[in-house]
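The next part holds the structures, each set out as structure tokens.
Two complexes are shown next, each including chain A; its partner changes from chain B in the first to chain C in the second.
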Partner chain A sequence: MEKYIHPFITVCEDVFRDFVGTKLTAERPYISSRNEEHEWEISAIIGFTGEARGAVVISMKKEPALKITDILTGHAHTDIDNEVIDATGEIVNIIAGNAKRGLEETFKLIISLPTIVRGKNHRITWPGESTRIIAIPFKIFESDSLCLSVAIESITGA
Partner chain B sequence: MKNVLVVDDSQIMRNIVKNSFAALDIPCRFLEATNGKDALNQLEENKIDLVLLDWNMPKLSGIEFLKRVRDDERYTQLPVIMVTSEAAKYNVVEALQAGATDYIIKPVNEQKFREKISKIKL
Partner chain C sequence: MVKEIRNILLKGLLSGSSVDPLVLDEQIRRILFNILLLSGGIVMGPLGVYHIYQGRTVFGVVAIVITAVFILVYLLSFFKIPFFILSLVSLLSFMILCGFSLHTDFFIIGMLLSLLFPIVLLIELNTKLGVILSILMGCYIVFARFPSFFTPGLEQDFHIAGSALYIVILVLTFFQVVTKNYRDSMITNINNRLTAEHEQMTAMKDNLKTGIFLMDTDCIIQPQYSNALKTIMGLDDLEDSDFITLLSSSVTERERSALRSFFNMVVRHTHDASTLEEANPLSQFTYIHTKTLEAKTLRCSFSAIVGESGATFILGTIDDISKEIELEQQLSEEDAKRQSEMNALFEVIHVDPRVLIDFIEDTEYEFLHINNTLKNDDKATSEQILKEISRSVHAIKSNALILGLNSYSKQLHAYEDEIKKIRDSETEPELDGLLHLTFHLENLMQTNDEFKSVIDKISAFSENATRKEETKVFAELLERTVERTAEAKNKSVNFTINAIDDKAITMGPRRMIKEILLQLIRNAVTHGIESPEERKKAGKDETGSIILSITLNDNNIEVILDDDGMGINYAAVAEHAEKLNLIASNEKTNRSKLLQLLFSDTFSTAKIVDMYAGRGAGLSVVKRIVTELHGTLKVKTKDRIGVRWTIIIPFELDTESIEGSIGGNIEGNIEESTEVTIQ
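Our next item is the complex of A and B:
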């Protein structure tokens, strides 16, 4: 499962550099539990089907989500509104779509439309009971952070 | 003045696509649609010269929109550029086989549009 993670890390860094104009610094990945307590306030989720199943999730607190949306829209945001939801969903969409290129030799994937979950300590329902969730924390905007979580398993034996 | 139809379910992305395309200094008027179904209606109601088309959208996806458009003899020559995050080669092949004029992978910028638009007669 870990061999599938690298394309997501690379693409995440590239997307934030090229789309948001911001450098991400990856920290040590870890195995996340399904019921882990967390501090994130918004998560954007894309599901995978096709020759593998799983999901990619990007989670962050309110402040970096607002800053990212400010950059993409050119005006300030003070709370999580429809534009912040739109921006967060589009970022995970671009990450998922571009990560498919790095996985295309392994399996063909179909990605879902993004889903947004918000609120303190919100819960995400992950597909598959046994698939491990790899979480990769990133530093952004010097003092903020976000987390990219990926769970993906082949259903073709690849 | 050319009519350019920007089809994407994300308002932010529609604005970014419009801004990137506008930097090419091609005299145009932008029309917008939030999904393929909406885009089909726009085609019926307006003379469209170019479609910039996302793939993953609710109600009717970009690829299904493209197939319907190419099945309609009125639109066989209409330039349709996919503008999508779907970066896998098999997606590019599917879109081109379905009749896409060209393919741009998000994130977009002015340079990507400049390269593709130079190949199209608008």
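Our next item is the complex of A and C:
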């Protein structure tokens, strides 16, 4: 399943570097359980179908989302408003778009448009049952964090 | 300049069209026709004027009219008027001129002009009409002034000779034209057939999926090859290239020379097709494009053919079988996977459900531990984390081996190898490596999930799978450990449990004690107990013995493990440590130092890393656990007599609190907790 994830990691790093002008530093990946509590406040979900099925979720807390919006719009934000949703949505759109190009060319995959979910303690019901969720945390803006979570199961030959 | 003039002239003679080699025949006819028209016009115009001037008005007028017709026809020929009509009109007027001349005083001129008639007619008109008109003309020549045949004089001579000549010219021209027409139609037929064949061949060649080509005996590719060859080889122009050079990235220099000898063999016709096929080094090979380095799997076959001229060529066919091979691989991988899943399931079925539940729980605990290590230990270095993970994996593997879950052990062993590879590399582990480990871990967890689902199904049938007989399961597991390890090491060992305190196991740190004992027992069987032959030589019973007692006294759990093996082999330890540069040469007899080394992370005296021993994790795990449990460990060893391990662990620590502290300090000092007694 790794092969599906590598493009996402690279694309995330590239997009944040080119569009937001900040460096993402990947930290140790781990396995996260399906109903684990988390503190993310905004998540973008990108669905997968084709030879593998599942989803990639990019989650972050309020602060990095606000900072990203500040950088993109040029003025300060204090709370998650529509502009913040739009800005983060746009970044995720670019990520999904770039990843789509690489993935759909190489694999028999179809990638959905990203959906943005916001709210404290929101929960994501992951598709599939057997696979666990692999979380790849990234450090952003030095002290904030962003998390790329993935649950993909191969359905070829099944 | 000359060229331009030539072009203008040609254009004029071709009635405005330009030279086209495809209709050369027709164009030559047209040029001839136009030359005749023009020359006729040029000659007859002035002639007509001259005759009028001389008073022969009728002939002069006829000549001028015909000249006008010729010039008109020439001018009309620049428009799209069918050639046939133009030639018919001009020839008929020519015929009228001849007939008129023959009938008048210009008999001789008419005769001479008439001789030209069949040639022009048959060339310019189609054969049938030409013959009819020529015969008509011939009759006219003979009969127009029939009496002159019998009137001697110049006219008679001309009449007879002219008529004879006319017939000869007519016959000759006729045969010439018929032969030419026949030849033309034959050539057209052949041409049509060849074109059709060529079209079919090209269609086949271009649409064939197989690359087909001819090489001469020097392996130079000939001009005719199928389009697929270009696609397969990824090259545009293959003509005249050396086939073997094209493979320079795909095969080594030596293989290339082997290939040349193979082609020689093909050319010499000394072997039959099946032998050649067997000897073919390219029957299936990986082709690497010389520039893009793209790899493909190709299948080639070669045979010699002898051309009509006697030259020998090698006919080669190439198929791209990358997709087939990929599919085959996928299939065999899936097959292997299914097979291993089946094996794993069979193995699971053979394990006592109670023991298996115990194993699954332990495994889940370790996995949780690994994941917590990955997730939480922000401050720990990667090295520490990897060490921690490999300890956990090692523990799971040991358990799996004891239960005979060989497939799972192999998976875990491979995982250990992977961790080791990352640990061994000098640089800080990359995200890729860690990500791979995480995904791999997820795989291992899935296997454990499968075990769980199997056990769920089994326990639906059997009610025995309860946790009540924990101590029994515990003892069984240890017995099994001895059994399996002894079997793997070709040793004969008798395992006795003198005492086992139920409370110590059910309420104490069962998992920890188990892990310690698993390591020590395996160590005892692997390193302590000698092979039956050696034991016999040493005057011992062929069957070695290991005795365990676990007792609870004064709020301490006391674990004593005895074996009657060879004792700790300090000489071997010293030698090995020296090889690893772990000790100075003057420390070689310092037993306490050597003992410390035994407990270090990377020390193992086993020569080969196998599933049972060799990674050097065993005793260091024991040390870590004892340290974590705030216990003490004593080892007493006597040469050729055996080893006694005594471990004392405070009882008040229950499992829960241990679990809480396990992610903490993993460094311990052996001397704090280990007393060494050497007799």
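The rule we apply is simple: the second predicted complex is superposed on the first by the 147 of 158 C-alpha atoms of A that agree within 3 Å, B and C clash if a C-alpha of one lies under 4 Å from a C-alpha of the other, contacts with A are read in each partner's own complex, and residues count from 1 in each chain.
In this text, contacts are C-beta pairs under 8 Å (C-beta built on N, C-alpha and C of every residue); 3 or more make two chains touch, one makes a residue touch a chain.
This one's a predicted model, so the numbers in the text were calculated from it and none came from an experiment.
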Item to check | chain A as common anchor, with chain B and chain C clashing or fitting | outcome: fit
Next on the checklist: Applying the document's definition of touch, where does A:113 land relative to chain B and chain C: first, second, both, or neither?
Outcome noted: first
Next on the checklist: Taking the superposition on A as described, I'd like to know which of chain B and chain C A:88 touches: first, second, both or neither.
Outcome noted: neither
Checklist entry - If you stack the two complexes on chain A, which partner ends up touching A:43: first (chain B), second (chain C), both, or neither? => result neither
Item to check | Dominant contact partner of chain A by residue count, chain C or chain B | outcome: B
Checklist entry - Taking the superposition as given, does A:5 touch the first partner, chain B, the second, chain C, both, or neither? => result second
Next on the checklist: If we overlay the two complexes on their shared chain A, which of chain B and chain C does A:59 touch? Say first, second, both or neither.
Outcome noted: neither
Next on the checklist: So in the superposed three-chain picture, is A:145 touching just chain B, just chain C, both, or none of them (first/second/both/neither)?
Outcome noted: neither
Item to check | Contacts of A:132 with chain B and chain C, given as first, second, both or neither | outcome: second
Item to check | Minimum C-alpha separation between chain B and chain C after superposing on chain A, in Å | outcome: 17
Item to check | Shared chain A surface residues [contacts with chain B and with chain C] | outcome: none
Checklist entry - What part of chain A is in contact with chain C in the complex they form? => result 1-2, 5-6, 9, 26, 28-32, 130-132, 134, 136, 156-157
Next on the checklist: Per the contact definition, I'd like the list of chain B residues that touch chain A in the complex.
Outcome noted: 9-13, 15-16, 55-58, 84-91, 105-107, 109
Next on the checklist: If we count contacts the way the header does, which residues on chain C are in touch with chain A in the complex?
Outcome noted: 330, 334, 371, 374-375, 382, 385, 431-432, 434-436, 438-439, 441-442, 445-446, 449
Checklist outcome for this item: Per the touch rule above, chain A residues touching chain B in the complex are 15, 18-19, 69, 72-73, 83, 86-87, 89-90, 93-98, 100-101, 103-104, 108-109, 111-113
